[in-house]
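Note that the chains are named A, B, C and D in the order they appear, and that numbering of residues resets to 1 at the start of each chain.
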Amino acid sequence: MNPQYREYVQLKVSRNRFMQQLGFELIEIAEGQVKGALIVGEMHEQQNGFVHGGVISALCDMACGFAAYSLVAEGVQVFTVELKVSYLRPGIGEKILAKGWVLKPGKRFHFCESELYAVKDGKEVLIAKASATMGVIDDKVNDKYGG
Amino acid sequence: MNPQYREYVQLKVSRNRFMQQLGFELIEIAEGQVKGALIVGEMHEQQNGFVHGGVISALCDMACGFAAYSLVAEGVQVFTVELKVSYLRPGIGEKILAKGWVLKPGKRFHFCESELYAVKDGKEVLIAKASATMGVIDDKVNDKYGG
Amino acid sequence: MNPQYREYVQLKVSRNRFMQQLGFELIEIAEGQVKGALIVGEMHEQQNGFVHGGVISALCDMACGFAAYSLVAEGVQVFTVELKVSYLRPGIGEKILAKGWVLKPGKRFHFCESELYAVKDGKEVLIAKASATMGVIDDKVNDKYGG
Amino acid sequence: MNPQYREYVQLKVSRNRFMQQLGFELIEIAEGQVKGALIVGEMHEQQNGFVHGGVISALCDMACGFAAYSLVAEGVQVFTVELKVSYLRPGIGEKILAKGWVLKPGKRFHFCESELYAVKDGKEVLIAKASATMGVIDDKVNDKYGG
């Protein structure tokens, strides 16, 4: 779709303040898939000392969204239509790895999935799995959600 | 279930670092329902200047979770089994209001829902709707996800 | 959108073989909402004698879909992008009532919800709640899923 | 968990009237995964001649549920807590293949996934992907949903 897809994804990353706030960074960008990492800190915890479910859902959303951005033309926007996250295991570890990919691309939406792994003492454990419908739309901001 | 449910929810709020990090606060706590608010800042934005989908999913999760905590006995823990968020409209506004409630309580899980409203120039617009299965479990941390 | 929306929904109902096979019938059609009923028979049961989860998900899908059809122009097609069903209580009763409505209409999709009630001895009990993204598209069959 | 898991799954299949009504049959049963097939007939169609979304959600539910039954002890029951289905492509073909597996087993729930393939002229096309939370519970019928 876009030979400069890596640069386009990086552009979107560079403008994403909430992603920076969380401390999430992409470490691999390929066609239709991305991988990212987050170093877990105190600010990511919920009341019991685990990584908060809201951090997990945010990482799932970002991994799906950037995977989708790797499969659209320059200037085309991606937005989340809906996201479902299954919380398989508690988020315990020093680092979270997030993998996102496009399961089925389309003209109107890309169906995406993502998986999160908690890394503790060098071992990776799958902690969450998500599926998302990502809308794909030309850059008309006021029409962002198809309304 | 718990005559001190307000104090129990407040205890959970006070320990929730990610909630504080986001700037989300509860403004009403009743049996089986809560209401909260977040003042939108730059740190909550995604690449197009709207409130990030990850902020929205996190608020939906918190609203469902604290509603569930209002309907359990002291010492019982609530954890998110799964969460689905529908992004109805873009998040544009100075403030986000989040309402969460228990649709169907149970011994093993509380089915919960939440709605988010963006407040702009005094007008509230529904921007997201979520449904979640919240697990309910006695406080055995290592058993947190029923595994 | 379509002053003849009732006739358009009825047309879609008349062509829906699986709906007839199940025995599901619409009993009310209004703008953006429908109501239907199914008389429970042996064929609807799963292994424990309750209404099968697949019957329940099918009714949730139909209630959302026909509600969406009531808010599109003549000749426009509706298709399910995704559907999530929460099974709140077991399906026990002589009849199932299904209510579907459009939560947020749009040019590209209608976000819909549906609720199912089991009727037993004259009492209605909420047994399932669903949310769905319904795609809205002009009648180009080969493009049905936006691919 | 259960050395007789194949027989236990077959027992559940034999009592499942809705499954028989649909014409869905299991063709492979292994630990934590099943495969089934449905010959498409007129009764499975929706208004545009494709396999109905309700048939698809029912097959996704069954594939997840029987996969879960292969990983529980004799006498333990499995029930659907929630199910989400993404409709990737239209259901066009002579046959539908359904694969279901347990992504993460647990004491209280098994997180499951399923994929449906439409077979047309000998070619298999992925048409749907589902995720489900399957409750696992000792055989107390009145407590079926944990309420």
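The rule we apply is simple: a contact is a pair of C-beta atoms (placed from the backbone, for glycine too) under 8 Å apart; a residue touches a chain by one contact, two chains touch by 3 or more.
Fair warning: this is a prediction, and the values are worked out from it, not measured in the lab.
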Which of B-C and C-D has more C-beta contact pairs: C-D
Write down the chain pair in A-C, A-D or A-B that repeats the interface of B-D; the criterion is over half of the contact pairs matching by residue number. A-C
Approximate Å spacing (C-alpha centroids) for the pair subunit A, subunit C: 32
How many angstrom lie between the CA centroids of subunit C and subunit D, rounded to a whole number? 21
Chain centres from averaged Cα atoms put subunit B and subunit C apart, in whole Å, by 29
Which residues of subunit C are in contact with two or more other chains? 81-82, 84, 86, 88-89, 104, 131, 133, 145, 147
Mind listing the subunit B positions that touch subunit D in their complex? 81-82, 84, 104, 106-109, 131, 133, 135, 143, 145-147
Can you list the subunit D residues touching subunit C in their complex? 12-13, 15-19, 21-22, 42-48, 50, 52-55, 57-59, 61-62, 65, 77, 79-90, 141, 144-145, 147
Quick one: in the complex, what on subunit C touches subunit B? 84, 86, 88-89, 103-104, 111, 113, 126, 129, 131, 133
